[in-house]
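One chain, chain A, links the two complexes that follow: it is found with chain B in the first and with chain C in the second.
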Partner chain A sequence: MTSLDILAAAVLNGLMSGAVYALIAVGLTLVYGVLHIINFAHGAILSAAMFAAYLAFQAGVDPYVAMVPLALIFFGLGYGLQRLVIGPASHGDDRNILLITLGLSIVIENLLLAVFNSDTRTVDVAYGFSTLDLGFTFLALPRAAAFGVSCLVAVLLWILLAQTDTGKAIRAVAKEKLGASLAGIDVAHIYAVTFGLGAACLAIAACLLLPTYYVHPRVGNAYVLVAFTIVVLGGMGSIPGAIAGGLFVGVVESLSGLMFGESLGQLGIFVIFILVLLIRPTGLFGAKA
Partner chain B sequence: MSKTGKTGLSRRRVLEGGAALVAGAVAMPAYLRAQGAAIKIGILQPVTGALAFDGAQGQIGAVAAIKAINDKGGIKSLGGAKLEMVFGDARSTPEGGTAEVERMAAEGVVAIVGGFASPICLAATQAASRYDLGYIVDVGVSDQIVSRGLTNTFRFAPGFGIVTKSALDNLVTINDAAGKPARTVVLVHEDGLFGSGLAKLMQAELPKRGFEILDTIAHPTPARDMSNVALQIRSKNPDLIIPSSYYGEFVLLARTMQQQKIKPKGIFCVLNGAASNYRFVKEFPEAAQNVMDCNHWYDPRNAVAQALKKEVEASGKFFTYNVALNYSGVLLLADAIERAASADRKAIVAALASSTFAGHIMPYGPTQFVGGQNTGAAPVNTQVQDNDIKVIFPASFADAKPVFPVPA
Partner chain C sequence: MAEALLEVKDLVAGYDGTSVLCGVSLEVEAGSIVAVLGANGVGKTTLNKVLSGIVRPQRGEVIFDGQRIDRKSPADIVAAGLVHVPEGRKLFPDLSVRENLELGSYRRGKAERARTMEQVLTVFPRLKERFAQRAGTLSGGEQQMVAIGRGMMGQPRLLILDEPSLGLAPRLVEEMFTLIGRLNEVGLTILLVEQNVMQSLELADAAHVMEHGCLVLSGTGAELAGNSELAKTYLGM
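On to the complex of A and B.
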């Protein structure tokens, strides 16, 4: 194996991981862009979604088959959570929402702990060990699938926001809440739809992760910090920013891991993160405030 | 004394009488205990937080041991007094462990068993020493735990030093017996206290024993991906991989190596989180096959251990070493209380210090504490063979022969 082969394989690995990071970050950035809050329950909802996918697998449903139904279920859950819990409890104050999502994350994590214990669980799917031989490396099929689906979801989400009435309403609320409500848009409904979309992204990410990753009640935390970084890096509230940021962070993490050791893989991300904040505080794709 | 009522009993009189009763009770503890008053023992485990799985496993062992002792008639030298568990959740942090020790001390426990992680054990033993509470460490492998001169602290299981020395000796023996097929090694370790410490020891010791270390790869916990680690291993193509990681990361590594078709002559783990875990073996039989581990393990030939394993598995749980270690730890404590014939904390500490207890379910000789460390304790080498975890070393406890080098 030449060093160029390793480098190419590492970039490929980074892209594969980065696509899933991007999908998780898209949900986060969408909620930020519209509701203007950081959703601290994002990681806990990801853990919950992974357990849902795990349960589906136990019931004989393949994670890839469960993806669409679970996305719909989690859309409903997210919608309900915002409409019935977060919205009413916030009394219109953004700071309250912050604390409520933090509280929700604790409740969800501990519910999962109570129901499933803290056992680390994995699923063994038939294609779990299938690989594509690319000559210089073996590309695991589940990771390639995760890459493809993540990109597809990003495109669908972009079409939804750009072309549909709901998408236009979401963008209107994101830009000017008061104006949107004066124009007849039901802001509470749009808030809940946005939160639901974020949760649906997580359900899809969960189904993509499960064949190659493990699940336990705190598993979401492993992803949510990097998702926060991506959201800030790409520009808070920007979907193209989250996607580009996710792929970028994946590659940077992979390469710096290879060069400086896995433990310092995060170092590369945060050095670039600080540089971006210094030079372009709005993030790569963020609009000026 | 104007408040003397019609009964002729003043408040002072009543108080005096009460005080006399209390004094009597204190002066006659043996009399009270002869009636079988329960003896409270503290069980400390992290059952919430990052270490919750291990804590819950330890709790299973402790509960089973208390039940076994009580079913057999309790502590006989104290008139059949039953053991009563006071459980504390260390919440996976040293502060959590300390707080629970304080609570247990206030609730009147006579000694404490458990802790699991080294940082929790370090803090909890120190807190317990303030109350003269004997503390039996169940797992905590850091040798710092027994090198601070705390007379209340007893570690029943082997520590880091003993385990790594045994691991190296076993590795050399297994390799020599197979005609020295392995010469080159890649070390993979998690970057915390446990993995880094182990890697450092290995880097110092392996070359002395004729092995060449090609690379040392550290990874964080939790790691989201092991593909790059696998890449590096593949490019180095070592005979042997020595990983020291927690459960999730080792499972990821083993799966990624299987995906990337990396097949070394052997995977030799030290204190690995997964290689001695039935869940891993059950869920990934192919990735787990022939993985060796030098770790804590129960005595597979012990009848009590076999019965306990069946019982635990019947309840849908996995029989991990935490179960066996905590079961044995509680038995060790009960034996000390029995010999001390007293619920006095200091008497129990003295009885633990002079313990020669051999009725445990671990592959150890009789217990003997030197500076708080049980010198009778030793790890064993296990290997995953045919969907089961077998003991391959030392020969006196083995129930299988090593498969090495692993057939291609």
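On to the complex of A and C.
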């Protein structure tokens, strides 16, 4: 392998993990863009989704098969959480919502700890170490699948937001809540749909991560920290920004892992994060202030 | 006497525990234009927001078409046939003119929506030319057309217009009042909040003057228009 091959392989691998980062970040930025809150329960919901995928696997259901049903279930859970818990408990005050999602994350994490204790678990899938031969490098099959599915989800989400009535209502509520209410749009329903979509993104991400990653009651937090970085880089509330930011961060992580060693891979992300905050506080892809 | 389409009884409402409205009562007959006039900050928009379910009243009743609506959600009130076109238009700036209009009849079927759209575009042929343009990039007059058009898409029987002539050039203000008269002629009942006092009184069947959240003077449009004392005292003219 030439050094160019190594570099190309690192970029490619970065794009693969970046796509899943992007998926997690899209859920976070969507909720921010519409409800104007940072969902502090995002990480805990991801952990819960990974346990759900893990349990499905224990019951003999492959994560890729479990993906669609789990996405639907988590959509329903997210919808119910917003409609029945977060919405009513917040009394319309954004600060309350923030605290409630923080409280929810604590509740969810501790429930997971109580039920599953703090063991780290992994699954053994037959294709766990399968690779695709690209000539200059080998690509792990689960990572390639994660990339493909993430791209597909991004396209589906785009169609939903751009083409469907619900999607248009989501975009309307995001920018003009009062106007939307007066036009007859049920804002509480749209909030809940949005929250449900965020949770569904996490369920899909969980199924994509399970074949190559471990499961733990706090596993989601590591991902959501990176996702939060991505959301800020991409411009708060911007979905194209979250996708571009996710891929970008994946590549940065992979390249800095190549240069400074695997364990310092995330160093590059946070260095860039701080630089961007200093130079362009609205994010790399966000609107100019 | 025919039963009023809208009946407001002793309405008290405000924000964060304080009251802006001090017990407002008024009636809007089906088919009429009723104007609510008053200086800045007296509570006209607050009244509209209570009628459309955005602000919950602290006391009093709102009865629309024989039904209590003061505890209903804004979406249910729109579905009942009362639509409030807000001050400042409150359009969806990133969405096209078409999408803005369509969202005004979000809950209705495709066929019904297409039919209403046809009617709205007959009233505002200009919007047809701007159909795909982002609402945020329209001129002020065009934005007001979209706002009223979006309201009409909800197939209201009562349309509340909150300062529809705000920010329009004099010629467009004239056009706006002509339009309001035309909408009324084709059967819409209209509650009009305005700062253009004389033009509103000319058009209105009944008018009320609001001061500090209370209706202090009421009469037919012609009566109030002839009352020069009123203009001086309450409207600062």
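In this text, the second predicted complex is superposed on the first by the 282 of 289 C-alpha atoms of A that agree within 3 Å, B and C clash if a C-alpha of one lies under 4 Å from a C-alpha of the other, contacts with A are read in each partner's own complex, and residues count from 1 in each chain.
Heads up, the rule we're going with is that a residue touches a chain if its C-beta (ideal position, glycine included) is under 8 Å from a C-beta of that chain, and two chains touch if they have at least 3 such contacts.
The model shown is predicted, which means the values in this text are computed figures rather than measured ones.
K.L.:
So, on chain A, is it clash or fit between chain B and chain C?
P.N.:
fit
K.L.:
Which partner does A:Ser118 reach: the first (chain B), the second (chain C), both, or neither?
P.N.:
first
K.L.:
Which partner does A:Phe129 contact after superposing on A: first (chain B), second (chain C), both, neither?
P.N.:
Once the two structures are laid over each other on A, A:Phe129 reaches chain B alone.
K.L.:
So, A:Gly179: does it touch chain B (first), chain C (second), both, or neither?
P.N.:
Only chain C is touched by A:Gly179; chain B is not.
K.L.:
Have a look at where A:Thr282 lands relative to chain B and chain C in the superposition and call it first, second, both or neither.
P.N.:
A:Thr282 contacts neither chain B nor chain C.
K.L.:
Is A:Lys168 touching anything from chain B or chain C once the two structures are fitted on A? First, second, both or neither.
P.N.:
Touch partner of A:Lys168: chain C, not chain B.
K.L.:
Can you pull out the angle centred on chain A between the C-alpha centres of chain B and chain C, to the nearest 10°?
P.N.:
140
K.L.:
After superposing on the shared chain, does chain C or chain B touch more chain A residues?
P.N.:
B
K.L.:
Contact-wise, after the overlay, does A:Asn96 reach chain B, chain C, both or neither (first, second, both, neither)?
P.N.:
neither
K.L.:
Quick one: smallest Cα-Cα gap between chain B and chain C in the superposed arrangement, Å?
P.N.:
Minimum C-alpha separation, chain B to chain C, in the superposed model is 37 Å.
K.L.:
Mind sorting out which residues of chain A both chain B and chain C touch, each in its own complex?
P.N.:
Common interface on chain A, chain B vs chain C: nothing in common.
K.L.:
Residue numbers of chain B touching chain A in their complex, please.
P.N.:
48, 50-53, 56, 191, 217-220, 222-225, 227-229, 231-232, 234-235, 247-248, 251-252, 255-256, 258-261, 279, 283-284, 286
K.L.:
Show me the residue ranges of chain A that touch chain B in the complex, using the header's touch definition.
P.N.:
Result: residues 1, 6, 9-10, 13, 16-17, 110, 113, 117-124, 128-129, 131, 137-138, 140, 143, 212-214, 216, 218-219, 221-223, 226, 254, 257-258, 261-263, 265-266 of chain A touch chain B.
K.L.:
Within their complex, state which residues of chain A touch chain C.
P.N.:
Interface residues on the chain A side: 165, 168-169, 171-172, 175-176, 178-188.
K.L.:
So in the complex, which bits of chain C are touching chain A?
P.N.:
Checking each residue of chain C against chain A gives 52-54, 73-75, 78-79, 83-86, 89-95, 99, 102-107, 150-151, 153-154.
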